[in-house]
Amino acid sequence: MNSTIDILDQVNANLPTIILLSFALLMLLIDLFLPKRNHLFRSLLAIGSLCIVYLVVKLLLQEKTVYTYFFSLDSFSYFFHILFITVLVFTFLLSGPYFERTKIKFPETSLLLFFSTAGAMIMISANDLIVMFLGLELMSICLYVLAGMLRKRVQSNEGALKYFLLGAFSSGFLLYGITLFYGITGSTNYSEVNQWISQTSNKLSLTFWIGAGLILIGFFFKFASVPFHFWSPDAYEGAPTPITAFFSATPKAAAFGTFIKILIVAFPLVVSDFELILKIIAIATMGIGNFVALQQKSVKRMLAYSSISHAGYLMVALVVKSNLGYSSILLYLIVYSVTNLGAFTIAYLVNRKNEGSYSYEDYNGLATKYPVLAMFMALFMISLAGIPPTGGFFVKYYIFYSALKADQLLLAILMALFSAISVYYYLKVIVHMYMKPLPDSYETIKSDTHVTMGLIFSSLIIIIIGVAPSFWLTLTNRSVSNILINP
Amino acid sequence: MSEITIHHYIALSAIIFSIGVAGVLTRKNAIILFMSIELMLNSSNLALIAFASFMSNPVGQIFALFVIAVAAAEVGVGLAIIVTVYRNRNSINIDDVHLMKG
Amino acid sequence: MKLTPDLLHSTHDWNWLILIPLLPLFGVVLNTFIFRKAPEKFIGWFSSSTVLISFILSVLAFFQLKSLPIQNRSIDVTFLTWIQVGNLSIDWAVLLDPLSVVMMLIVTGVGGVIHIYSIGYMHGDPGFRKFFIFLNLFIFFMLWLVMGNSYPILFIGWEGVGLCSYLLIGFWYKDMAKASAGKKAFIVNRIGDWGFLLGMILLFVNFETLKFTELFSKVNTTYTPEITPTLTLITLLLFVGATGKSAQIPLYIWLPDAMAGPTPVSALIHAATMVTAGVYMVARSNLLFSLSPISMEVVATIGALTALFAATIGVRQWDIKKILAYSTVSQLGFMFLGVGVGAYETGIAHVMTHAFFKACLFLGSGAVIHSMEHAFHKAHVHYDPQDIRYMGGLRSKIPITYWTFLIATIAIAGIPGFSGFFSKDEILWKTFASGHIFLWVVATITAGITAFYMFRLVYLTFFGNFRGGVESEGHIQEVTPYMTFILILLAVLSVIGGYLAVPHALGGHFLIGEWLQPVLQDSRKLPSLAYYQEHHSLMLEFGLMGLSVIIAILGIYLASKYFNQKPQELTVLTQKPKGIMKILENKYWIDELYEFTIVQPIYKFSIFAWKVFDATGIDGFINSIGSLVVKIGEHLRKLQTGYLSNYALLMSIGILFTIAWLVFGK
Amino acid sequence: MIKIAFIILSLISIFSALMVISRKNPVASVLWLVFHFFGIAGLYVLLGAHFLAAVQIIVYAGAIMVLFLFVVMMLNLNLVNNEKRGKIIGKSIGAVVSGLVLVLFTYSIRTTKWNELFFNQVTDQEWGTAVKLGSLLFSNWLVPFQIVGILLFAAVIGVVALMKRKITRKVENGIVITQEEDVA
């Protein structure tokens, strides 16, 4: 490695993360002196929004990549940073009533959310397997705790335990993979790994493949792709619902983003060797996700399985390994994160009465009593199912189209078939809302203005992407092609 | 055996790694399971330092240091989670924890 | 910044045009989400002001467009690419040219005044906010329709206004008949849309673009006689869409039923704006139509026949709004006759004048209904407030309504000096000049019938003695100032609106025709419109004009002879009709005909199909697939045992396979 | 000399690792694990990584294992450990799978020509000292090092979030009653 690396450069490269972390720590300090906590955190939303503005400006003005040995900050990373902070802001906006209801300690929870977001940001901007691993662990450790935040609920404990043990287990494999990689290639830097591969591409040893395979598996675990998905339905069901929404957005986006970056920067020469593995796992993931989601009685668990199936669709785009495929993944992640955040929020709003049941019956006649809420939920479900006017349709369509273009006919057909199955369980929610009679005793739903604002914003994003998908695709495409300009 | 080479160290680490995997797959006690995971992390540390030593490249050492720190953080969080499970269920047998399925 | 023509031609300076359609949408959003508890007045004025600001912006757009040299008066503003797949590229783009700006002015202008009228009309209705949301949404879609620069964008507006129309017809959805009227409108329109969609696809297949500006220049430059049959097919399919939206034979049946909606809706959507969308679309596609003479003949013939047909039905209707509805259908027929003979600018001129006087008539009828309803309610009698048999003698009781209504009636009847005369007469003249003598005869007779049934309406409503019972008579009173103000405004427009379209023969300039010239110049050069270049004797034109005026006056005379000279008694009016009147009163039994020849058979067949094919065959098949899927899911979910050790084991097996494949598989 | 030391230390590590996963009593497992860490630390010394060897003993064997032991003792797991010996099939499949992992790894390690990839073992005595590592950590690796710091901090917060309980004591009839007030 280079003899000296300018520390200031590194600090500069990580400025967004550092700002985020500083605010998190500042909050912790201020929190000691203030009795009314929730309001403080709410007001920090403004800061989050400022960060987004800052990043957006950076993204738009970005001309060249900031590259230090450990980090490479390009518009690809900025894109994901914006996504993560947006998810964070949405999580704060949308979780208020839940925290009031369950009396979860707000300061700790929000601090952990901040830290895990920072971990995701480090992960995505890393240009080195070690730093990436650190970011991943920072993110995961916070998530393990968040999953178990409902300490009195047995399900929450159980989900956290399963998530933690399996997560640590898979971390062990990932770490061993990185180690072997380090041993084989002599470096952990993405670009250096790529150089090494280009020099010795004709005689890659078996240990190299084991290392690569273990790294892949580490990511498959984070994608929750079959057969490494077992933790996800249980952890999702057990976790506090706003946290579940967060789970389905940030870690997944971080994993996919980092994986794309590694594929493009470190593994461009061997990526075709992973094709079959990716393909089989993609098919299995779509299949299991959709088939089992069909069987669910609980909306929350259905959404958990649906997020597995969406990971499958995203993996289809990974198989395609074209620029179009990668940029559609980025667009997909925006739409999917925002939609899921909204859907989980409505799920917890509707299921006030008995935490944990989340049954479809709770939605009966929602449209007559709360037409606006029902409209939002219908929009989210339509977007998740991928029905035309929404962003969900276009992103799915782009992946489908990229698969067709890359002659992955089987994948494209299976994807279409599985999405057709998925329509059933998403529309089931709508059927319950609009076509079943309202039960006689109905507990009122208490929401607040933040939640309403969050829901409006999320549906706006879905609609805006549905209105001008091409524009957004060019934007994400620019981000993806920006990774390639590494030195 | 002529000379201790990198082969031996890597093989040793692979053996310890597999013992860790075996522990995870066969034991039901959450704490012992967790210790097995620690074995796995430790085995990669061994491999890291062996590689670093044979390459005269300090990165491996630094990474190993980081891994120890990560392991410490994981142990803290993991034990806390196990204790919460114990508080609610009075057991840390992972087979007793299967409320959610299907 | 100085707005020089050069500067304005760069499209960036036109980006503000997007505000025109977006303002009403903004109103929709705010009214839906924010002003949920706001008072009625606020909501009403807020919605109206969004439309009025759009109107001001449209006026601004008009003047800026006017400041450009004639050849530059076509501005394409592309905001975003919407869909970009393969050859197909659809942009969110608007087109500002003389045609669209005229339509924008009509939509926002008439829309604005009807918004204000509705503040008074809908006062106290529990669905007040909903009504204004729908109305604003309608304006938004209508503006998309007229501003969009491609068929797909136009189609979005087209579908959108259809949706709003459906929502507003069924506004009082608790009444079963009204809800089903909404459904009828929706379904009939769907049939037309199907044709429109096919036409659009055919256009894309043949020319590979759907953007107006590109498409028409491409057609113009690459035209060869071989593609005439294709163009004929395309234009006919597009016209199918137009017959649905603009209520022409055979798809006109939904419009009279659409009167179930609130009266401002009838005025705005089902008279002034949405129903003219078909005429606009044909005028927009004037090049395509001019290149396919057969389609032109079809359009003209359908138009003339619809005009006559609907006018005859109007002669023997009793419901005030139904009469106006049939007159709308009939006037739309005139417009299609105009565009069908190639006089596109005259068709659009009639769209404009018709918007004024028909809006005035509808709003006037709304005022009448409002008063009658109020009176009947006070007197506790249950007469139909829309039935003119229970009216009569309202002249002195609601004078403002009477005078405005009368002016609009004179305008529609074609009396010289009022707006309807100029545009209608120009259509008649162009029909004659282009050699369609038969259609001219039909249209001239129709003009006479129009004068007859409109004055029958006026006499029965406002003259003679009141037939609604003595108790209610005292309770009749003029409507609120909101409404009367708008009535006066529209009445004035009904008079002066026509002066934009004074024919050359009368020494006018036919301003609107000249204004639209840049849009039509390509089709003017075609042989099918050659008659424009021919010289016709002024004497002939004056003669025909005089003839049509005489016929109109004859119609008025007959109406006054039958319905004014001898006072009408309720018993006489409610007698069972005989002979031809029976046919007319039952609207030629067309609804029944459709019912027996189309609806019933389809319904019966669908029951049969459902029982035989579906329930056993297809359903069985689908169900077996469904149950297969469910079974697979049932088995797969067993994998998720809930036991952590199983999860770890399955995961490890996955890892083992992945690595083994990577190591040995290649 | 090195050879003998390596053989002894590796045997100790393997044996103690096996004892860790096979002991019924978690306390015994923890103690064997400490033993294992000592063996590994010896190997580090053999490789010249003196500082890491010290960290291994201080952090791992010292701090982390004490934490383990503390939790095991606190939960009194000797009594509650009711690990059933029943499901032999699952266990044997687990053993087979891990055996296969071992076979796969050793096979690929054997076939890899490590000699082409590496130079010789370091002879530089300074290589593994605290000075050498420290100067690297605080120059080039400063930012990743800080990230590790954040990681540990996050873990502390996580543990507090999961464990912190408000305990109120009051005296009733001379008996001290402790009440846990636990939210969420």
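When the chains are written out, they are named A, B, C and D in that same order, and each has its own residue count from 1.
Keep in mind that, in the parts below, a residue touches a chain if its C-beta (ideal position, glycine included) is under 8 Å from a C-beta of that chain, and two chains touch if they have at least 3 such contacts.
All of these numbers come straight from a predicted model, not from anything done at the bench.
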Farthest from chain A in C-alpha centre terms, which chain would that be? C
Mind checking the centre-to-centre distance between chain B and chain C? Centres are C-alpha means, answer in whole Å. 73
Could you please state the distance in Å, as a whole number, between where the Cα atoms of chain B are centred and where those of chain D are centred? 6
In whole angstrom, what separates the CA-based centres of chain A and chain D? 30
What's the distance between the Cα centroids of chain C and chain D, rounded to whole Å? 77
Name the residues of chain C that each touch 2 or more other chains. 637, 640, 642, 644-646, 648-649, 652-653, 655, 659, 663
Could you list which residues of chain D touch at least two other chains? 90, 93-94, 97-98, 101, 104-105, 108-109, 144, 148, 151, 154-155, 158-159, 162
Would you give the residues of chain B that are in contact with at least 2 other chains, written as numbers and ranges? 6, 10, 17, 20-21, 24-25, 28, 50, 55, 62, 66, 70, 73-74, 77, 80-82, 84, 94-95, 97-102
Counting only chain pairs that touch, give me the topology of the graph as line, ring, star, complete or other. complete
What residues of chain D sit close enough to touch chain C in their complex? 90, 93-94, 97-98, 100-101, 104, 108
Within their complex, chain C touches chain A through residues 32-33, 80-85, 92, 629-630, 632-634, 636-637, 639-640, 642, 644, 646-648, 650-651, 653-655, 658-659, 661-663, 665-666
Touch list for chain D against partner chain A, complex: 104-105, 107-109, 111-113, 117, 139-140, 142-144, 147-148, 150-151, 153-155, 157-162, 164, 182-184
Contacts from chain B onto chain D in the complex sit at residues 1, 3-12, 14-29, 31-32, 35-36, 38-39, 42, 45-46, 49-50, 52-56, 58, 61-62, 64-66, 68-77, 79-84, 86, 90-93, 95
Can you name the residues of chain B that touch chain A in the complex? 6, 10, 17, 20, 24, 30, 33-34, 37, 40-41, 43-44, 47-48, 50-51, 55, 57, 59-60, 62-63, 66-67, 70, 73-74, 77-78, 80-82, 84-85, 87-89, 94, 97-102
